[in-house]
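Look for subunit A in each of the two complexes below; its partner is subunit B in the first and subunit C in the second.
And then the complex of A and B:
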């Protein structure tokens, strides 16, 4: 049998660097490998010996797209290790900061990176040049609302600096929050229009029966900031602190990243679809109405419709930020005092692209003895490989370019944030 | 609005930090604003919108001697392909400029100063030739923007 390896162009619109390979024999997919190069391992080593207080700022630099997620999981893990309980106003502000990141990240991904796949364009620039400039402009303006939230609470637009273990460096002024509320109110129309735009896209008619996992919040809130439990559509219901008892990170030969699987070896899915399916009732009424209008059922198993779920979650995040502003009162001190001690702590939150778990062990002086960072893309990697195998299995007769397109579109359903690394993703289709 | 200097890069990827380090080296200088970013096209468009003059500083890998400074005028056309590869993430600096042009929000004057890097490994420091270039660029920018 003669094997042919076809090298194809990079997959440009995924954050980061990686490669995927599809092996085809006798018309059937026999293997898929999604390979990523993942610096969280570097950061785990880099953190050892550093003070616990440095973790939020250092881990925030792992990803240019979701620094808040890294900060939120790390501060919660550190506070648990240090035996610190922070107040509800501190938690509420963190949730609001997270709303900003969800808007920024979801809108960026959906409009600039994923929508071109559905509309047949190579990039958002081509899309804008061919009659969709208004949509691209809408997305950029909408994303600015997320930037405004992150700037006010985080102290600056990118890599917020106001978050600390124990709370905040400084709580925002009420008047500044109310001014932001006005901007958010004006953004609701953009948010609705953006849902409608995503709903208008043509979706491949594909579904899969995923094992969907997300965090559960303690106060009945839609999963975002405070993962006290981990739940799934297959009956998982455990304390988030027990993550390592139920999930494993496997080394795989094709990647320097670790792949997340259940202890039983199964792939699982984390991200917008699990959150939507497992916590639909916790969305706002307006977000639910938008979901209905967008044609989403109560249950969504079509991974391509994740782009619509992202738009619905973005609308929800705008409303949630408005709610949190309306409940906000200035508070001082902005943080709980910390006394260093030895301990172990875990933190789980929902990055825009999925669950992010951190675990740290501290020495008596508060320095970091060990760090474990489990990013969502590593957890989704086995699921991505299964998608590539199952979803394109009956498309193999299509021209090579179309298969490549579908593969890329499928990978981007996950908004895979491998920016932890660098730049390229190469596709190899290995055919007999 | 004042001119804006945007430093693009990644602090933890060796010479890719060059743009950010230039912006930090300009702390205290007056006559222009400063911003840092990871290099995502959407962020660049947002930062540039409404400005009359923007200077973007980034690292690059074109094959030139490390520490070489490339001065490019983004107003004259598409940026060279090697500015796509280092700008963090697939849709980066060159695409950000192209997108701003398409949307009609590209400032009248946009220059890109790209510092040729040598080592972009995760966790690596800035190489000596690049450090020298960063210092020279920091010294040159205030006078350049005053003209």
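And then the complex of A and C:
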């Protein structure tokens, strides 16, 4: 196959609609294209003129898989714009809500969407019907715990209703938190077993030297909720408010999602690998021990092992939620009062699939003048295209179907959320 | 139907949350997969659309592009029963906020190269384009409704999803009325049941995720909201969210322009 096009017009097992194309000429890859054709929904446009208080509910609807991420970045940006500082108990509950989303989203992706790539199945249901029923059942039970956290704190799993600019509508009862703690204690064994399952998968032996970017939290915590700074493995260390001074969004023809690049034009990576590599020391001892047992080094540059990192992060999230419950005391009022004012605010947090940045400017009456939302998959698009070029280059002698499979698996390393990014996926390998 | 019915899950313009609800039925999803052949569900399986017919199609999302307007006709032609799941497919969704606004202004606000973008001027429900056999409400849908819908469809009966107001569910749940007791704006009296009156249980007013109930008296509710101090813009915003294009909410929002 010296000249060919490998393409998939509708990438499956991702959230949203995307496609990809790899062009091969004279036995070499000459172009890769990750195309997002998810229809644009124009959130940043119709947020204009809405009230600041509506941002967490409206932006949640960008993504049914990671609505909490949208709520967390938006409330932080709004609170900055409004000059409001929220209390530590409010922040702790938000971090715990995020733990729930990490568990349900990571386990959904790892078990239901990505594991079938490693094991050669079309879906997790096919896995379950062919000897992996116990694993799929484990994953479903485990994922359910994540949903239980989001449901207790947020009211429901998808598009939670309890998050509010300034805090919460209602703080949970301690007795309900303690009941959830019992479920989480039982989930620890599931979490360990899930790490071991992901570690047992066959991994392509490939690495890349990524520019890895993630948030940094103020209190030495593993990056999740409160991104006060942005750091990278190449020396970036800036206040999160300076995001737009260091990163650009580009509109390219193949994509309804803007592509993120550094100001110098470079691709960068956001998501589990950057968090793990840049904040390993901040993981719990148990999560670190699980990572060692799973064969992860102190550094992970093999993108196919991101599935193991997701499992380690999920274990960490279970422990973190337990810790936050143990420290929890009921508080009232559940939110600080807001006085509308003009201002600009930024919020950065770590969605399961990577960093999510929001920026708003507000009018005097607290209505939204401008909105900017930079989702993780949009930022990862250039990196996805580079992966397709570099990681597949030495595989071109394999049958078309196998190359296509590997391309899909490679893209799914990112847990791409295309509904997010467009604010999707389809593989073409073009060999003329 | 002979054998297991074939199910397809289709996505139009949406957030994926309603189809995710199926995967969020952790206790039921494997049983559902035994009772139904999940023939096409790209979010969950790599299996391609084989171009054949489906006994049941679940459609998520609204029609916002010329391609979608064509695709839904083909899906209808190949589906014995077509069911919309969620507010986008049933009323147009949050993206219907662009209806009546200038699409060009919207594209210019988000994209540097408007010439790369193909979109319709409106986001419209599936029923504006093809016959729909049943509509499941909600942003997102309720998992209880979804399981009831699947069970009813398999049994060949109508799903039991009451069309009365969220207000009724709220009374049944025993919540103190947030509008009467605290003066908080609440759409519970005009909103379709289904969530179990979630928001009042969390000390906030209903914001209408499930869209209008049958015969909603929106004018009366708006008058009460105004008495409680809401201005016209606040009242308009309240109706103009996730079901902004549902006729009863659309008209009431328009009345407060």
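Before moving on, here are some points about what is shown:
The definition used in the following text is that the second predicted complex is superposed on the first by the 412 of 432 C-alpha atoms of A that agree within 3 Å, B and C clash if a C-alpha of one lies under 4 Å from a C-alpha of the other, contacts with A are read in each partner's own complex, and residues count from 1 in each chain.
Methods note: a contact is a pair of C-beta atoms (placed from the backbone, for glycine too) under 8 Å apart; a residue touches a chain by one contact, two chains touch by 3 or more.
Keep in mind that what you see is a predicted model, and the values were worked out from it rather than measured.
Superimposing the complexes on subunit A yields a three-chain arrangement in which subunit B and subunit C clash. By the touch criterion defined above, A:242 lies against neither subunit B nor subunit C after alignment on the C-alpha atoms of chain A. Looking at the superposed arrangement, the partner reaching more residues of subunit A, out of subunit B and subunit C, is C. In the superposition on chain A, contact is made by A:65 with both subunit B and subunit C. Contact with both subunit B and subunit C is seen for A:112 once the two complexes are overlaid on the shared chain. In the superposition on chain A, A:147 makes contact with both subunit B and subunit C. Looking at the shared chain after the overlay, A:292 reaches neither subunit B nor subunit C.
By the touch criterion stated above, A:46 is placed in contact with subunit B and with subunit C alike.
In the superposition on chain A, contact of A:393 is made with neither subunit B nor subunit C.
Touch criterion not met for A:178: it reaches neither subunit B nor subunit C. Shared contact residues of subunit A, touching subunit B in one structure and subunit C in the other: 10-16, 39, 42-43, 46, 61, 64-65, 108, 112-113, 123-125, 128, 133, 136-137, 140, 143-144, 147, 157-159, 419, 423. Interface residues of subunit C facing subunit A in the complex, by the touch rule stated above, are 11-21, 23-24, 26-27, 29-30, 33, 38, 41-48, 64-65, 68, 93-95, 97-98, 101, 105-107, 109-113, 116-117, 119, 123, 139-140, 195, 198-199, 201-204, 207, 209, 234, 237, 241-242. Against subunit B, the residues of subunit A that register as touching in their complex are 10-16, 39, 42-43, 46, 61, 64-65, 108, 112-113, 123-125, 128-129, 133, 136-137, 139-140, 143-144, 147, 157-159, 419, 421-425. By the touch criterion stated above, subunit A contacts subunit C in their complex at residues 10-17, 38-46, 48, 50-51, 54, 57-58, 61-65, 67, 104, 108, 112-113, 116, 122-126, 128, 133, 136-137, 140-141, 143-144, 147, 155-159, 161-162, 164, 169-170, 250-253, 256, 258, 334, 408, 419, 423.
Per the touch definition, subunit B reaches subunit A in the complex via residues 10-13, 36-43, 45-46, 85-86, 88-91, 95, 98-99, 102-103, 120, 122-123.
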